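Okay, so chain A shows up in both of these, paired with chain B first and chain C after.
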Partner chain A sequence: MNGLETRRRPTRIILWAALAAVLVLYGFPFVYLLLTSFKTPLDAIAVPPQVLPSQWTLDNYVAALSKEGVVPALINSVATAVLSTAFSLALGVPAAYAITRFRTPSGRIFVVAALVTRMVPTIAVGAPLVETMRRLGISDTTIGLAIAHTTISLPLSIWLMSSFFEAVPIELEEAAKVDGSDRLQAFRHVVLPVVSGGLAVTAIFAFLASWNEFLFALLLTSVRAQTTPIVIANFQTQFGLDWGGMTALSAVYSVPVILLTLALQRHIVAGLTLGAVKG
Partner chain B sequence: MKLRSTSGRLRTAMAGIAVATSLILAIAGCGAGGSSAGPAGKLTVLVEGGGKAELQPIADLYQKQTGTTVELVELPYDGLYDRIQTELGSGKTSFDVAALDAIWLSAFSAGVSPLDDLFTDDVKRDLFPGLVTEAQVGGSYVGMPVWTNSEILYYRTDLFGDPKEKAAFQAKYGYPLVPPTTWKQYQDVAQFFTRDTNGDGQTDLYGTDVKGAVETEWLATVSQTGEKTMVLDPKSGDVTIDDADHLAALNFYTSLLPYAPPGAAQLDWAGSQNLFYQGKLAMMRFWGHAYTQTPANAAVKGKIGVAPMIAGPGGIAGVPGAWYLSVPKATDKQAEAKKFVAFAYEHNDLSIKTSLGLVSRISAFESQAGVAGHENYPAILTTLKSPATIARPATSKWQQIVTSVLTPMLQKAVVKGADNAALLKQAKAQIQAIVK
Partner chain C sequence: MRLTDRRFALVLIAPAALFLAAFVAWPLLRFVSNAFYEISPMAGGPRKFVGFENFATAFSSPAFQGAALRTIVYTVIVVALEFTFGLAVALVFAALGSRSAVFRTVFMYPLMVAPVVAGLLWRFLLIDNFGILNELLRRIGLLHSTDQIGWLSNPRIALFSVAMPDIWLTTSFITLVLFAGLQNVPGDVIEAARIDGVRFPTLLFRIILPLLRPVIAVALIVRGIDAARAFDIILIQTNGGPQDSTTTLSLLIYRTMTRNGDPGLASAMGTVYLIVMLAVAAVAIFAIWRPGGDEA
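For the complex of A and B:
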């Protein structure tokens, strides 16, 4: 046993070193962003760049959060992302369930067609969407933007939920039917609880897709429904880039996503595991 | 039992989501950014983030005097271009006026209304010649200048005013140390100040910078030669970038490399500005607006002087960095939009008090002559009024030429041993392929 442990130790060291390298690779940009948000304007654009602030300051946060339009944009981002997630789940979950349970040729075409929409460049649908939203009278509204974002997240939701429903044995539903449930009741009381981890994963992906989306927000909003990614981008102007303000607002904007991920971490892991094993 | 408990939690969660969604739906009809005044009595103006402050006092006064709400929609620089392009392409616009960068005028000229009736002789007399030229695309005036910028010369007053430095410079070069006005003087002063100040064997003060990652400063140098056809003639399609003047400009530009910090190929505006603020440059050529924006903790705070851009054989020259107000053809509010554009010109001086303090009318610049805090105005004024200052070519391909030809060419030119003539010939072929 000890000999086995000794033989494994170098492998473990290599694995840990590789893991640490990957963590640094992924984590450093965000850490640098956080540190920059506490720098003075001069430190922020120092040549060569310096990692730690020479003087720590909260001025960037005060300036960024007191900038006109920042708070409404944060509210808009939350509202848009929640709405889009709700739309995406409301449409994607039944669609995925029907596709996996009924297995019709049209269902198979539908699921492939849904994926094709992910292959179309967002800008290609941007211009028609601008016109469509205007005709519908929902330009520059949160609901209009949420609908646009749903076009991005829905295909992914259908595909994700399909894989989760695939993993649920049909016998579970049949047992529920034997106990007197109809299909809808079996779906609500048996299938949905089993795939709750998958729902969490799908929800967080849909939420993130909307939360970080830039192009539709740029094209479809003006003042009333403008979301935070546009406001963050506004820190880069023709006259320069306000690194402090931009990084401060970016840090603030990251907090809800980090909290959401931590809160749903258990479901996400469970959901990913469920989706990885076919029944 | 466990199943039922999970189902119960799910039901509770779904109910919570439903309530939250209902609340959000209630506010989703408009969004949290405030309500708009409705289509009547309202003008929507698209503006780049940095320019919003310039227009705000004008918009406020317009609303006060006319009762028409002016909604300034702030968008990031690249986003503004995409948004305008998308909307003009769709034939319907959500905006009534747009602030356009000078280099976009040609690309958008087909989608905006002519403003010829606004360009009276009096108006043209009060605008810099380069701006009047630039505003005209295809025989029509397509934008009214709303603010303009230009590179000017920044220098360290503590160095230039030091008696020891003055004496040493006089002894070495045979003329007094003053802010340079010519290429030769600029080279001399740059050479003079490039040194190791702390005796560690490393150069820590440079006379100037050389920017390889942005093209405008080299274009200003091209104008300083007296060149009248910068890069290409949009009308004939002739590409002039390999002529003698362009080569002379590139040779002068790269001749400063020994007196500039290493890494010129990657140096852009922000990097240059930082080097100057850190006290590592004795001189810098930079946009005029920055004079009022020196950070409090900059090593050179309170030690900065400004002068007009330097002159080459053709005279003083910069590149006008103007923005224009244009009216899309697709807006239904043509008359009201043009009225606002005329109003913005009329009250151009209101932008003097903004954070950037940039205006477009000569009279607005001249009104601040001798006013403390506006020392940059005479420098901008002299640079933009100079006959050698010319606008960038009015071609819809300009942005593409800059990103795919000019900047890469400069980045190669600032590398030691570069063959400037060969690089310009190569650039000519690339530009010809773009504009053919």
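For the complex of A and C:
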């Protein structure tokens, strides 16, 4: 409990009312997207617009999912995000551990460099990467896009994991070493299990960074490796202004991650606030 | 053979460092060096060294000046409104205490929505003639006809309108961070101020906000950088229009690179943008955050 909590009844009632108003305003846009996705195509662009569908239908979902390239793009999105998450964890976890545990000069330089990466405009990396991917022979492939997405999620993973490793008491490892384990064994069998919650948080954020990313996908893929955000964006040109289909595909793409968030909210709040609050 | 701690640390850091060197630092160097060349848009086309000519062209072009100004305005709108709204909601959550926990979760959901989805969704809400926002405003009597406000078609307000989904998308981040910061404000400090008869505005501006300073700094810097880089959320709503009124630097650079086919000029613009971002962020970090320094 904290000194900011108010116990005066009238104030509390006003605050609850204000909160309810905020939540309605905040929730409405997405609820309206869901409602529109169940309207008939004509209802979706009716003048004047109605909030509720006059007739509930799944037509938009059927039409959107049967469009050419939509299902492959969903598969690409999952594959790219999973691969990019794996890259970030494989590279970021050992680096974060070394940075927090040994505090060498190289580690400090590296933290600053990773922080700078966060400020770079995406296009300044994305445009030259087109050429790099071509040279490596991975243009328009899931692995190429996953590498590009890792440039975003790796600094984030290092930042998050460093905070989690910092919370592990060094005595724990020393005890393991006394028992005859070497540093690598101590890391794998003692430290990693302790930070498993942190690994989950980091994985979620790496996954989301890739899942929602747009500009790299636009620059680095054309047909084969295209992800869903690009397909959603194309609904407005390729197929005319198909608002019904767009809302249906957006719902398919967003609802799983929103549900995931609600299920794992404790972890996600930890990840979002961790670095910032520790300062 | 046993590695020293220093060597062991280096071995663990090296893969990540090499990855960032190959896929961030090297492309970035190439991008910056491209700014000094005139480059044919064709792959493998001719390159000619032109010194600072691209920079001169960029600085003297009204398109670049306009986009730079719009990027600043957009960033200020987004950060100022997100901070005000985010702080207000964080204070409401703190005042309501633990029973507001469920609602904190609900409030968080837009953070998971893809910016491209948020942009399209808001374009749909704001669109002329069948957008629901104007219709709802008409129903409650604020507008007498739904075409009274052309959110995305009126060049004078479009930059503000395109910022709305960005604000909707990430105010939750500010709220979460500030709420977590508020939990660390010592209760007895606030109790003491209350007993001394300090009123809420004074409490907020003289005690709470100064105590939250490092948290606020991090939240503003993170959001400021992201708002200044905003791309897909604007592209999808207006594609920079109407009449370039929403063309920020990231859109202008993208367009110069692709549609106008002038990678050299685009790189010069991007280089200036990058340097300014780094400078502003560095100043912000040292001036506001003052890591480890005590608040005077």
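Note that the second predicted complex is superposed on the first by the 222 of 279 C-alpha atoms of A that agree within 3 Å, B and C clash if a C-alpha of one lies under 4 Å from a C-alpha of the other, contacts with A are read in each partner's own complex, and residues count from 1 in each chain.
Everything that follows uses one rule, which is that a contact is a pair of C-beta atoms (placed from the backbone, for glycine too) under 8 Å apart; a residue touches a chain by one contact, two chains touch by 3 or more.
Please read all numbers here as calculations on a predicted model, not as lab measurements.
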For A:18, using the defined touch cut-off, is the partner it touches chain B, chain C, both, or neither? Pick first, second, both or neither. second
Once the shared chain is lined up, is A:127 touching chain B (first), chain C (second), both, or neither of them? both
Looking at A:233 after the superposition, I want to know if it touches chain B, chain C, both of them or none. Which is it: first, second, both, neither? both
Could you say whether A:95 touches chain B, chain C, both of them, or neither, answering first, second, both or neither? second
When the two structures are laid over each other on chain A, which of chain B and chain C touches more residues of chain A? C
Looking at the overlay, what does A:113 touch: chain B (first), chain C (second), both, or neither? second
Kindly classify A:224 by the partners it touches after superposition: chain B alone (first), chain C alone (second), both, or neither? first
Between chain B and chain C, whom does A:47 touch in the aligned arrangement: first, second, both, or neither? both
Which parts of chain A are in contact with chain B and also with chain C? 45-47, 123, 127, 131, 134, 214-215, 233, 235-236
Which of the residues in chain C come into contact with chain A in the complex? 5-6, 8-10, 12-13, 15-17, 19-20, 22-28, 30-31, 34, 43, 89, 91-98, 100, 103-117, 120-122, 124-125, 129-132, 135, 138, 146, 168, 173, 176-177, 179-191, 194, 208, 214-215, 218-219, 222, 225, 229, 231-232, 235-236, 249-250, 253-254, 257, 263, 266-267, 270-271, 273-274, 277-278, 281, 289, 291
Footprint of chain C on chain A - complex, ascending: 1-6, 11-12, 15-16, 18-19, 22-23, 26-27, 29-30, 32-33, 36, 45-49, 51, 87, 90-92, 94-95, 97-99, 101-102, 104, 106-107, 110, 113-114, 116-125, 127-129, 131-132, 134, 147-148, 150-151, 154-155, 158, 183, 208, 211-212, 214-215, 229, 232-233, 235-236, 243, 246-247, 250, 253-254, 257-258, 260-262, 265, 268-269, 272-273, 275-277, 279
Under the stated contact criterion, what part of chain B meets chain A in this complex? 3, 6-7, 10, 17, 20-21, 24-25, 27-36, 44, 48-51, 71, 73-77, 79, 82-83, 86-87, 89-90, 92, 94-95, 101, 261, 269-271, 273-275, 277-278, 287, 289-290, 295, 297-298, 321, 323, 356
Chain A - residues contacting chain B, complex: 40-42, 45-47, 55, 69, 71-73, 75-76, 78-79, 82-83, 86, 123, 126-127, 130-131, 134, 139-143, 146, 188-190, 192-193, 196, 214-215, 218-219, 221-226, 230, 233-241
